[in-house]
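Both complexes shown next keep chain A, but they swap its partner, so chain B is in the first and chain C is in the second.
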Partner chain A sequence: MISVLAIGSVLVTSLVIGVYGVRAARSTSDFLVASQRVSPSWNAMAIAGEYLSAASVLGLAGLVLKNGLGTMWYAVGFAAGYVAVVALVAGPMRRSGAFTVPDFAEYRLGAPRLRQLCGCVVLVIMLLYLVPQFKGAGVVLSLVSGTPYWVGVLLAGLVVSGSIAAGGMRSATYVQAFHYVIKLTFLAIPAIYLVVYSSPDTRAQALHPEWGTHFPEPTPVEFTVGARFSLDEPVTVTTPSGAEVGLTAGDHSVTAGTEYVFPEGAPIPYPAGLPELGGQLWSTPLLDVGGYPLFETWSALLAITLGCMGLPHVIMRFHTSPTARTARRVAVGVIGLLGLFYLFPTVYGLLGRVLTPQLVLLQGTDTVAVVLPAEAVPGTAGAVLTALVAAGAFGAFLSTSSGLLLALAGGLSHDLFQGSVPRLRLAVAIGACVAVLLALPARTIDINVLVVWAFTVAASTFCPLLVLGIWWRRLTLAGAASGLTVGVVTATGAVGWSILLPTPPGWIAVLLAQPAAWTIPLAFTTMIVVSWFTRAPDWAEHAVLRLHSP
Partner chain B sequence: MRQVHALGADLQDGLHGRKVPSAARRLRQLLAVDGVVLADLDGPVAAHGKRPDPEEVETLLAQVFEYGSNARTRLADGTSVCAVPLYVADELAGSLVASGHPLEADVEAAAALVSDSLDHAALRRARARIAAADLRTLRAQISPHFVHNALAVIAALVRTDPDRARHLLSDFADYLRYGFSEKGDYATLSEELEATQTYLELQRARFHDRLDISVRMAPEVLPVAIPFLVVQPIVENAIRHGLERKEGRGHISVSGFGEGPLCVIEIEDDGVGMHPDLARSLLAGTGPESRSVGLANVDQRLRAVYGPEYGLVIETAPGEGTKVTVRVPRFTRGVVAR
Partner chain C sequence: MSPRREKLTSPQTRIALARGNRPAQHLLPIPGPVDTEAARRLFRTQRRTAVRTVAALAVLLFGMSGAFAALPVLGEIRLFGVPLSWLLLTVAVHPMLFLMALWHVRSAERVEERAEAERPAGERPAGERER
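Right, the complex of A and B next:
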């Protein structure tokens, strides 16, 4: 109940800020106030607020719990992406005056058809990014209100499209900055409290992996989905009816709805195919799903770092800065704010491994940040902490998905169907519907897997377009178009295949699951080679020059 | 047919465009002759195939340009060269020279075709010039209108409140620098707001401060580039036709926010309003002479820059005040504030 109230108040406050929080003024001199630009620090907070999504708040903690310390590379990538943005695109993008990537493509290469192609790519990236947001919101809402998952997702869709329709995103800068504060405080306070509150033993266990492999107390585990898990030694568990069931060492299958109570000190079962909690593999600081840790780590880092600059809703925020110099300063500020924030998901992941290891079995690791406080702290205090985290996670969902939905709707109404009267609200509704429909079957897919998918596509399409478009005057229309097409097809196809279809083991599986290391170079090469064989228009040099002249 | 069509495309930049050599090649294929030379009044500009002796060509061209009629000569090797004048807008502009065994009637027909294409090219250039000139006139149209008002206000204050008059005069100077600046046709919304502020200072002086103003701007739309003097004329209209005739205090609010890829600016007043039909005729430019300057002008300029769907939207009724909405894309190719 407290959680529902907390979420509701976050929602209402953002709506109020959105509608009334634009600088209001009552005299003529306020024209001057209103016409002054927003300061870099506000702007940086707004960007960080929009950027920190459910993937950062929920997904990262879940992955640390499930796949081990290596997943912290994701946080590194999320923050490092802004280094690439500062170094390569923030300033020139500001000078071009372009608001979105399709705008930039039209500015640089001057072709409405390319604009439409970019619009399609925006659609793909935004949908891939929206689905995990809705999944996260659905999980959180169904957790705090006790409704089924699909109700949560549906509710999330209604809330977001409703808040956009109500004009809640009119003053995106202040709303997003508010959301950054919400996310930071609502995640930091429970995290710090948990660290201080938990016993020295728990803290030691969190830092010393081999201790985390046994249940700290008798723990009921309810399998809401069918699962296969392995045990290293035999255990006797009890069912709710009191009957004792002996489980031998080895693999076991359970159907949905089964409930076992594991006794104190029993080894924690782990799903087949995942690293044992706290084991050697778990603590190695590399991403390792398919057996080639170094390659996987680099590939994921590349995807996230370069994908950041290609995310349409990130790039459009630099438009707000008055000069290219401030745009860069803002981006540097964002790096600091992100770095600060990413301390906390790690805390949830590490403590979650000690206190709520059963989530791994239930394929519900994405909920760890919300479940953990109530498990760790009994009574009202725990409920309040849960409410805080839930509200923070909801704020993350609300800010990111509003930004994404608006970018998606903008692409739909402005880039793809140019000439018709823009029907933004309709486009928002359509985007939300599609995202909800796609999120319904995505329940068991990790939030971060989907998010990295979106980043991979962005890194293989818009990153080459922006980097070459800004730094290489010989880029041509044909080169850009073919590179975009190759990038979007390979990146979307590879990850899609690895998630949805069975893959052969070994190198192929790794190449499909983490394709950035080959799709990004492929897209770059295609653009360069095709551009070599075609002629850039005469004004290309002038267009590039304007991107770099102060 | 395709060759003829492509010929038109090749000549779309006139006789000095990039694709004129390709036009010469096409003409040679169409005429089935040994060589083709395209010349303007200063001499050959493009040629394809076998070229006759340059002196020969020069003599022929001189003949064509002198008499404005066809000229023909037979060469030593038994072939002949035929030159036909090209006319653009009834003025001699160049000549088409064919060598080999050209049929004079064919060459004449080809020359007519080329003349037509050149004519189109000239028209296209003229059209672009007219559009640019239109924009400039529209911009200039506003200024005298406002200059008069401003000077009248200051003149009224000079004796009663010289300090304020001096202040306003310097504001007015700033405003003029903005309005007459030659930097380009676009300004950022934030610059536009500053200019509007100066205007409102002047108006408040006239209204003896019975004017309330509120501004609400979402910061993310401030850097958006918009055509010069879009907000100020609408505010001016709201004051002159909405609030001036109203008894007691008047209130005007200006708000701006982003709507996805669009930037929306709303100017609302609680003045006397007008009949919707009148608003319609104002936008169409058919309203009463005294009121037709500001809004129609802004509307036309917005449409000229952004396309027909981005005109002004006026919501009004008698006694209900007026709300004018400007909705423009945040980014349009070519629209950059300098």
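Right, the complex of A and C next:
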């Protein structure tokens, strides 16, 4: 109940700030010029607030619990992406005067038809990014209020499209900045409380995964989905009717609806295909799903670091700075704020392995940050802490998804169909519907898998377009178009295949699941080679030089 | 000096414009820089700075993950009870990224200031400021 209240108050406060911010903006002659007077620190907070999505607030802690410390490379990539942004695109993008990547493509290559191709890519990226946000909202809502998953997803879709229709959610920098503060404090306070008040024994276990993972108390595990898992030693579990079932060491599979109570001190079974909780693989800080840890880590790092600069809602934000110089400085501030935030997800993951290991079996690790406080701290204090995290997660979902949905709707109506303003509203509704429909069957897919997919597509399409467009005067229209096509097809296809279809084992599975290491070079090479064979117009050099003149 | 007021259109206006009745290449022609040679020099210097920062970033990220793979001992050394590799990955890397970005911004701004100082005062049309 407290959680529902906390989520409600975050929602109401954002609406109030949004409405107030919009009114203040309308009093000046031009809304966009007004937003350019926002001070750099507020602006940095707003960017960080929009950037920290459900993937960071919920997904990272869950991944640390499930796959181990190596998944914190995702957080490093999210922050390192802004270093690449500062170095490669922030200043020139601001000087180009282009609001979106399609705008930039038109500025730099002078072809309105490239705009439609870019619009399609924006659509793919934004949908891939939006679905996990809705998934996060559905999971959190069903946890704190007991409603079915689909109700949460549907409600989330309604809330976000409604708040955009009401106007102002996106427009007010202060709403986004407010959400950063919410996310940071609501994740940090429970984390610090948990570290300080958990027993020294728990803390020591969290830092020594090699001692093994055991159920801390008799734990009922209800399999809502069918699962396969392995045990290292035999365990005797009880069913709700009181019967004792002896599970031998080795592989077991259970059907959906089975309920077992594991006794205190029993070793945690680990689902098939996952590293042993707390084992060598788990505690080595490298990403390792398919057996090639260094390759997987590097590929994921490439995808996230380079994907960041291609995210449409990230690019748009540079225009809230008055000059190119301020835009760069703001991006540096964002790195600082992200670094501060990323100190906390690890705490939930490490403590979650000790206190709530059953989440791994239930395929519900994305919920660890919400479940953990109530598990660890009994009574009212636990409920309050859970409410804080739930509200923070909801703030994450709200700010990111409204920004994403607006970018998606803008792409639909502006770049693809040359629509008018009423069509923009329609596009918001269509975008939300599609995202909700896609989020409904996505319950068991990890938030971060989907988010990294979006980053991979962005890194294989818009990253080469922007980097070559800004730093290489010989890029041509034909080169850009063919590179974009190759990038979007290979990146979307490879990850989609690895998630939806069975993959052959070994190298191929790894190459499909983490394709960035080959799709990004492929897209760059295509752009460069095709550009070599075509001629850039005479004004191309001026267009490039202008991006770098102070 | 106070920043000049810029003429920007709202998204609605852009949508209205996109509906039609306008020349295809509305963003062009782009006015050429006053001194093309100086602009080229500036561009090359900025590109060097950018390449340097991206290279440093690559060394940090790939080097650190490579070190975790090559030296398992990093997971056994403990600082304040926490394995060193965990500390590096979850805490220490963030200040390093921040300093790297700060270093790039300082260098890029210094390059721009030098370019401004080298430019003769009279050659600069007022309208060219800060686009």
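Quick note on the criterion: the second predicted complex is superposed on the first by the 527 of 550 C-alpha atoms of A that agree within 3 Å, B and C clash if a C-alpha of one lies under 4 Å from a C-alpha of the other, contacts with A are read in each partner's own complex, and residues count from 1 in each chain.
The rule we apply is simple: contacts are C-beta pairs under 8 Å (C-beta built on N, C-alpha and C of every residue); 3 or more make two chains touch, one makes a residue touch a chain.
Keep in mind that this is a model prediction, so the values were computed, not measured.
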Query: So, does A:A517 touch the first partner chain B, the second partner chain C, both, or neither?
result: neither
- prompt: Taking the superposition as given, does A:T320 touch the first partner, chain B, the second, chain C, both, or neither?
  reply: first
Message: Which partner chains sit in contact with A:L117 here, chain B, chain C, both or neither? Use first/second/both/neither.
response: neither
Message: By the touch definition at the top of the document, which applies to A:G97: first (chain B), second (chain C), both, or neither?
response: both
Task: Name the contact category of A:A409: first (chain B only), second (chain C only), both, or neither.
output: first
Task: Mind working out whether A:E106 is in touch with chain B, chain C, both or neither, as first, second, both or neither?
output: both
- request: Once the structures are superposed on A, label A:Y82 by its partner contacts, choosing first (chain B), second (chain C), both or neither.
  value: second
Message: In this superposition, which partner touches a larger number of chain A residues, chain B or chain C?
response: C
Where chain A meets both chain C and chain B, residue numbers: 30-33, 36, 97, 99, 106-107, 110, 319, 322, 410, 413-414, 419-421, 424
- prompt: In their complex, what parts of chain A are in touch with chain B?
  reply: 22-38, 42, 97-100, 103, 106-107, 110, 167, 169-174, 317, 319-322, 406-407, 409-411, 413-415, 419-422, 424, 427
Task: Enumerate the contact residues on chain B facing chain A in the complex.
output: 189-191, 193-194, 196-197, 200-201, 204, 212-220, 222-223, 225, 254-255, 257-262, 307, 309, 329-331, 333, 335-337
- request: Over in the complex, which chain A residues touch chain C? Could you list them?
  value: 30-33, 36, 69, 72-73, 75-77, 79-80, 82-84, 86-88, 91, 95, 97, 99, 106-107, 110, 112, 204, 207, 283-286, 293-294, 297-298, 301, 305, 319, 322-325, 328-329, 331-332, 335-336, 338-340, 342-343, 346, 410, 413-414, 418-421, 424, 471, 539, 542-546, 548-550
Contact set on chain C toward chain A in their complex: 3, 5-6, 8-12, 14-16, 18-20, 24-25, 27-33, 36, 39-40, 42-43, 46-47, 49-50, 53-54, 57, 60-62, 65-66, 68-69, 72, 75, 81-83, 85-86, 88-91, 93-95, 97-98, 100-102, 104-105, 108-109, 112, 115-116, 128, 130-131
